[in-house]
Amino acid sequence: MNAASAKKQVMILGGPNLGRLGLREPGIYGLTTWQELGDLCRSWGQDLDLEIDFVQEDGEGSLVRLVHQASDQADGIIINAAAYTHTSVALRDAVAAVEVPVIEIHLTNPTAREEFRQTNLLAGVVDSGVFGFGVHGYRLALEGMAQLLSV
Amino acid sequence: MNAASAKKQVMILGGPNLGRLGLREPGIYGLTTWQELGDLCRSWGQDLDLEIDFVQEDGEGSLVRLVHQASDQADGIIINAAAYTHTSVALRDAVAAVEVPVIEIHLTNPTAREEFRQTNLLAGVVDSGVFGFGVHGYRLALEGMAQLLSV
Amino acid sequence: MNAASAKKQVMILGGPNLGRLGLREPGIYGLTTWQELGDLCRSWGQDLDLEIDFVQEDGEGSLVRLVHQASDQADGIIINAAAYTHTSVALRDAVAAVEVPVIEIHLTNPTAREEFRQTNLLAGVVDSGVFGFGVHGYRLALEGMAQLLSV
Amino acid sequence: MNAASAKKQVMILGGPNLGRLGLREPGIYGLTTWQELGDLCRSWGQDLDLEIDFVQEDGEGSLVRLVHQASDQADGIIINAAAYTHTSVALRDAVAAVEVPVIEIHLTNPTAREEFRQTNLLAGVVDSGVFGFGVHGYRLALEGMAQLLSV
Amino acid sequence: MNAASAKKQVMILGGPNLGRLGLREPGIYGLTTWQELGDLCRSWGQDLDLEIDFVQEDGEGSLVRLVHQASDQADGIIINAAAYTHTSVALRDAVAAVEVPVIEIHLTNPTAREEFRQTNLLAGVVDSGVFGFGVHGYRLALEGMAQLLSV
Amino acid sequence: MNAASAKKQVMILGGPNLGRLGLREPGIYGLTTWQELGDLCRSWGQDLDLEIDFVQEDGEGSLVRLVHQASDQADGIIINAAAYTHTSVALRDAVAAVEVPVIEIHLTNPTAREEFRQTNLLAGVVDSGVFGFGVHGYRLALEGMAQLLSV
Amino acid sequence: MNAASAKKQVMILGGPNLGRLGLREPGIYGLTTWQELGDLCRSWGQDLDLEIDFVQEDGEGSLVRLVHQASDQADGIIINAAAYTHTSVALRDAVAAVEVPVIEIHLTNPTAREEFRQTNLLAGVVDSGVFGFGVHGYRLALEGMAQLLSV
Amino acid sequence: MNAASAKKQVMILGGPNLGRLGLREPGIYGLTTWQELGDLCRSWGQDLDLEIDFVQEDGEGSLVRLVHQASDQADGIIINAAAYTHTSVALRDAVAAVEVPVIEIHLTNPTAREEFRQTNLLAGVVDSGVFGFGVHGYRLALEGMAQLLSV
Amino acid sequence: MNAASAKKQVMILGGPNLGRLGLREPGIYGLTTWQELGDLCRSWGQDLDLEIDFVQEDGEGSLVRLVHQASDQADGIIINAAAYTHTSVALRDAVAAVEVPVIEIHLTNPTAREEFRQTNLLAGVVDSGVFGFGVHGYRLALEGMAQLLSV
Amino acid sequence: MNAASAKKQVMILGGPNLGRLGLREPGIYGLTTWQELGDLCRSWGQDLDLEIDFVQEDGEGSLVRLVHQASDQADGIIINAAAYTHTSVALRDAVAAVEVPVIEIHLTNPTAREEFRQTNLLAGVVDSGVFGFGVHGYRLALEGMAQLLSV
Amino acid sequence: MNAASAKKQVMILGGPNLGRLGLREPGIYGLTTWQELGDLCRSWGQDLDLEIDFVQEDGEGSLVRLVHQASDQADGIIINAAAYTHTSVALRDAVAAVEVPVIEIHLTNPTAREEFRQTNLLAGVVDSGVFGFGVHGYRLALEGMAQLLSV
Amino acid sequence: MNAASAKKQVMILGGPNLGRLGLREPGIYGLTTWQELGDLCRSWGQDLDLEIDFVQEDGEGSLVRLVHQASDQADGIIINAAAYTHTSVALRDAVAAVEVPVIEIHLTNPTAREEFRQTNLLAGVVDSGVFGFGVHGYRLALEGMAQLLSV
């Protein structure tokens, strides 16, 4: 939590391969790039009076450290852990220790995919989630976060 | 789809035990009753220019029939199948045959609960989902629906 | 068994979503509607000197009651339990208590589909079965029933 | 709970196929019909100063609604969920929300039967249970209920 | 069976750790000690005209031998096998060879506990069972036994 | 396919142990021998204007080669793979490569038998199936084939 | 059974790879060849007044046919199905239909080997078995067979 | 090993419930009692020049100690661990430390029984085994032991 | 707990087969005997001002009773349950009821062994553990206990 | 091994259905027939100074015998066991006894296919493998074999 | 793809611990170091007219980024993901998005090792593979790549 | 190994999230920070004449590299792999290649936690372990290491 800050801070975390968004497999993930999504989120953040920190990492340890950092500096976390959703106990442990609200987000609907994607290690430690709305889901997650932070 | 209607129609379906919302276990599900949630949804629908049909059934067959009806008359479905999420192939089959957008919603985060709630038969055939935002999640789902229908 | 009846009585039971036959997903299930299938069955029944009772229900309890009724009044049952094939112990218990011949029927070949459709609770308590012949399978099932009843 | 009532109210719930008791498979379930069992229970209730509401439903949703009703009006529930014992999360959720004592009962010993009957979704949310005493088990359950209500 | 005895003999068997009843974890198992429970059972036996043999052993082999002895001398067995319920094939084999009625009893509801307690090796070879009524369950089991022996 | 032939050719394939039909375990499989069943099928074929090739093999490789041969020369295949239904990926691969209609047939209802018979490797690659009608099922399968070939 | 024969006939069947006995991996299977084992068995048969038919096949279908033949001509079967012990439902079905005594034999102790050798499809349908005595086990099996046939 | 002894010593160990042999369930286990089987074994031992120590225990710990004793004093062990075959790691550990030959024996064929009897903890650490020959199997096991000790 | 005692009492419990330590398989378990280990522990106890009770049992029930006794008289328990670590729910229940600190110890590293040793029923109810240090691990466990008791 | 031969001998074995290569499903397996692949391999063999024996069988037993023959006569084996890769313990046992190098080959990538193709019984006993290069993979396997034989 | 380049570019990726090749456990992996293997590959690349980029990373995220880079700049990828083969969904996702050919390579035969190495997340998304040829397998993989790129 | 060094070198490795020790969830992990624990270890090292290298990393690859470095420079490793204990094959492979002693340590008792923490990939390749003693466990591990290095 960052009580001293005038605006609430929200860290939006992207997991492995998300930096390639919009460049590859647009049939599945759409044409918006990760950079464009960052711009959209910052603009939506302005509407909702939230300050957005928009970061992406391919490494498990780097994401763990970003969660630590968010835990110290941010008022809420929106996380798309991508592949680590299904394999990372380290990320789960990091998120479980966080006291601010955490929202899980996926661009598509992972339940409709491969067997090994049925295991979701993260879902058990987040507060809420949004999936399958594509890029627009980030707008919904930010609204949800605004609501959670206004309580 | 209901092309003739000026306003887009959205059917919000509630599954077994949801009629008891707000009456029992408020510590988990909050104090808002199902009737009050209906009023909220209708009011949010007005903001978003959506006409809301808000119904609940405890029976699997009755929910299947409501999905058939929505499939003929509505432009979108928001469904909280409650316990049937985990056991009903019949409801899955009904939803799979629907051509309009379907959003799955849960008041809490079912992944953080019992083993038998890890099986989600519905998620594989819906388009999108929202969970863990409590009553406010219905507002997010309606916004998401408005977005999906505006495309 | 209905010994007093001049003609043998056969109840043909349809499970959840079958009332939508021919209206949705004709690429999978064909263009014949459930009503038209009923007419075909009644006409095939006439050829085989069988009186046909052709009914469909979406609810598990309602199907259980139809099996009770068939058990008291009919000489044979042909059942397409659809989704309940895979989930209903109640329907299995009802069928297991029936003394007249029971034939299971499916329009398609369910084994070639999702993992959760591999469980067939009904097959263990029926006498015979026919699958994957589409609408024409009902003709084969009626001929099989005529043969079973003529013994 | 029904504090205003002079006598304690106990709802005895029967699940799918129990209405056929005594009519079919008497070798397993005995010759007593469901109606006769109701008379026995009402008579035993009189001995124990309990008012008995004795009801049966084949549908999952109907049973869920009876649990809601018992939750509002009765002082205790004795439930033989039959096949739904093994498949119904909806019924489990309904019973879990009940605050009065709930006793599970089975005429036979279900553990000595098929694999799919080893799953008991209800047992985790009831208080106590009685099985394998046939019709007489209802007498024991009523005595147990009298004891639980006298505390 | 003990036909020569004027009174019917019932052996009540307690498994491992039950000798500590009332001394440890009274929050779960109550304050009645195993000795006091024996006195209660003997007194309830007198009411029901049953002679009670009330014994407890921590060892698997010792319990097996008690079942052999009961098999030769008693008219019925009431057994709380405690932990051996979940692990002992030896005890199951001993009980399976018994010809007099056997009732399984548990003070609490074991289904609502750890995963490894879901396996019940005993239930498949007993006649009846009572669980979750605490100390009072022994009274119900004795009444059930009286009924079984009066047939 | 055999376009040059005036009559449609149907190969009826029998798997391991079927040559012993009628000689052993008549209580389960009836008194008709495999040779008599061949005569029946040829006679039914005449009624339906189908030319029947009726063959049986105990070896997996020999059955695979018969499927290759049928694939080149016949217009349809009716196969009772017996034990290989549950174990042979080789036969599955052979059948999967066939372009003419394939109907699976069983004299009894295999689902009501041992655990290892629940795995059906063949069912996923056949078009249709008939089971549990005994010898008469071959008549139904031939009628079904006639129907499939007349399209 | 072969009642007319003065001497009892015993067929000793060897499965895949046993023809290589003594030629390969003598550290595991010893130095005796399959041919030498046949001579030993015939000589032991003479001691026990049994006529020995000693055959080996690598093919599943060929072994099935040998069991058919033994079923018609022999008074007892001793079978070392080797690898087919773990995979062949066809061989199990053939053995299950046999009415004369069947003894299973293994040179080594298969339980102490790979995971996939833990499945034994044959053991459920044989009468008796001998394993881990190497070549000498055949002597024990023949004595056991002599005993079974003398009853 | 007991090199000083003129005769080789063989300890024959019986597990839980075997002391009841011949008294209960003679339809399965025959009419020979455990005492009579001991006499038979001692007499067979004389034929084979083996000194027999024939003991039975119902307790797991007592059997473990007998294996320790046999390990110090006997030249070979024949063990029928009965139910502990399927559950005792302690007995497995004791047998695994033994250096003299160990033969496992069962009166019936345990593979043809319940699911939980498919686990055999002992088989992986014994040298050889004999099953399904009833009482006569002990004669075969003793002959096998004589052979193993003569090497 | 034993508050009156000047010195803290620690019971060191050994499970099945540990009495054979140093006599068998020294390659795995070393040359120190159980008696010598007792002497070492008593001597280490003197250094740490702890009074040592050093006992071993092969029977499950006897170990359960020792835990009861330790629970009444000792200030801490160090337990090497050997094989019962993997199979005994009775021992787990006994340890779970203990209020003094319990340390689990193994001479070797059991995780690097057979599949059935992966199940550890005890670990879930002990406070701490030490494994794989051989005899010296007992010194570490005693130091750890001294530390736990000094708090 | 064939030390006397001037050229090294390599047996290339094809399993069930491979004789149909190029005739069926060319979209998956290409247009080269099995006979043409044999010519290619013989020609590649000439380049690498290897004598090629190129054989195919549909039967499991026949393949086992070919492995025996190769084991006696060839210096290396390249095997495409097709469906038997996933089901044949007999073939695995035959290959495990071979002392010359064995290379496994697949035209496609079997891991990307059905669940039952994930089990690979052969891979554990071969030395090396090549998959997914289509017909050209045989060239790579032959080069790998030349390299292994030149050591 | 790098169409402008005169020579085709192949990136050879090494996963965790491969940098230690030749330094540790030479009995398993041989004496060639990773640096020497790089020299070999570059030299083989020259023979085949391929430009080689030879890189190794211990981190999952770093490997993911290398795949992204290869996806933009290289014409083909040869990947030895080592331990990440069995655990990394992130790497699988990265490889799945690649459009150029990907060949999986292992120095040894991973199927012949521990249970947890049976899961191969990568194999489902690569085109081809080579395993068990040691260092020489890289030569085969490069030849295979040359062939794939020449199409 | 570092033979030249006067003092033995011990590397103490911490896995993901351990850098947050003492800052978050002190109710579970205590108030000591990772830095303070490092000071304690260095001081305990001085007592035991061991030179301590105390490092922590959140990334899997970074930990793998530290193990490589320790393998070259240290005389022993004490590793708390935290979440990677349950998911990292890469770390297991790195540790398996280490020749100096490796001790696994956990502050709490991981077996008493979530299902996915039951898998321990590391335990199979370490020498010894200590868990559940909190910060003091590091003292015990250092003493154990001193003992292992003094041999």
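For clarity, chains are labelled A, B, C, D, E, F, G, H, I, J, K and L in written order, and residue numbers in each chain start from 1.
In this section, a contact is a pair of C-beta atoms (placed from the backbone, for glycine too) under 8 Å apart; a residue touches a chain by one contact, two chains touch by 3 or more.
Fair warning: this is a prediction, and the values are worked out from it, not measured in the lab.
Asks: In the touch network of chains, how many steps separate subunit I from subunit L on the shortest route?
Replies: Each step joins two touching chains, and the minimum needed here is 1.
Asks: I need the common contact partners of subunit C and subunit G, sorted by label.
Replies: Output, common partners of subunit C and subunit G: F.
Asks: I need the rotation angle between the copies subunit C and subunit K from a CA superposition, between 0 and 180°, in steps of 5.
Replies: 120
Asks: Among the listed pairs E-I, C-D or G-H, choose the one whose interface is a repeat of I-L, with over half of the contact pairs the same by residue number.
Replies: Matching pair: G-H.
Asks: Counting in whole Å, what is the centre-to-centre distance of subunit F and subunit K, each centre being its mean C-alpha position?
Replies: A distance of 48 Å separates the two centres.
Asks: When the C-alpha atoms of subunit H and subunit I are each averaged to a single point, how far apart are the two points in Å?
Replies: Distance between chain centres: 32 Å.
Asks: Which residues of subunit I are in contact with two or more other chains?
Replies: 59-62, 87
Asks: For this structure, give each pair of chains that are touching.
Replies: Pairs of chains that touch one another: A-B, A-K, A-L, B-C, B-D, C-D, C-F, D-E, E-H, E-I, F-G, F-J, G-H, G-J, H-I, I-L, J-K, K-L.
Asks: Give the list of subunit K residues in touch with subunit A in this complex.
Replies: Counting only subunit K, the residues touching subunit A are 59-62, 64-65, 68, 71, 87-90, 92-94, 97, 121.
Asks: Okay, in this complex, where on subunit A does subunit K touch?
Replies: Result: residues 15-17, 19-20, 24-25, 57-62, 82-84, 86-87, 116-117 of subunit A touch subunit K.
Asks: Tell me, which parts of subunit B touch subunit A in their complex?
Replies: Listed in rising order, the residues are 109, 111-112, 120, 123-133, 136-137, 139-140, 143-144, 147-148.
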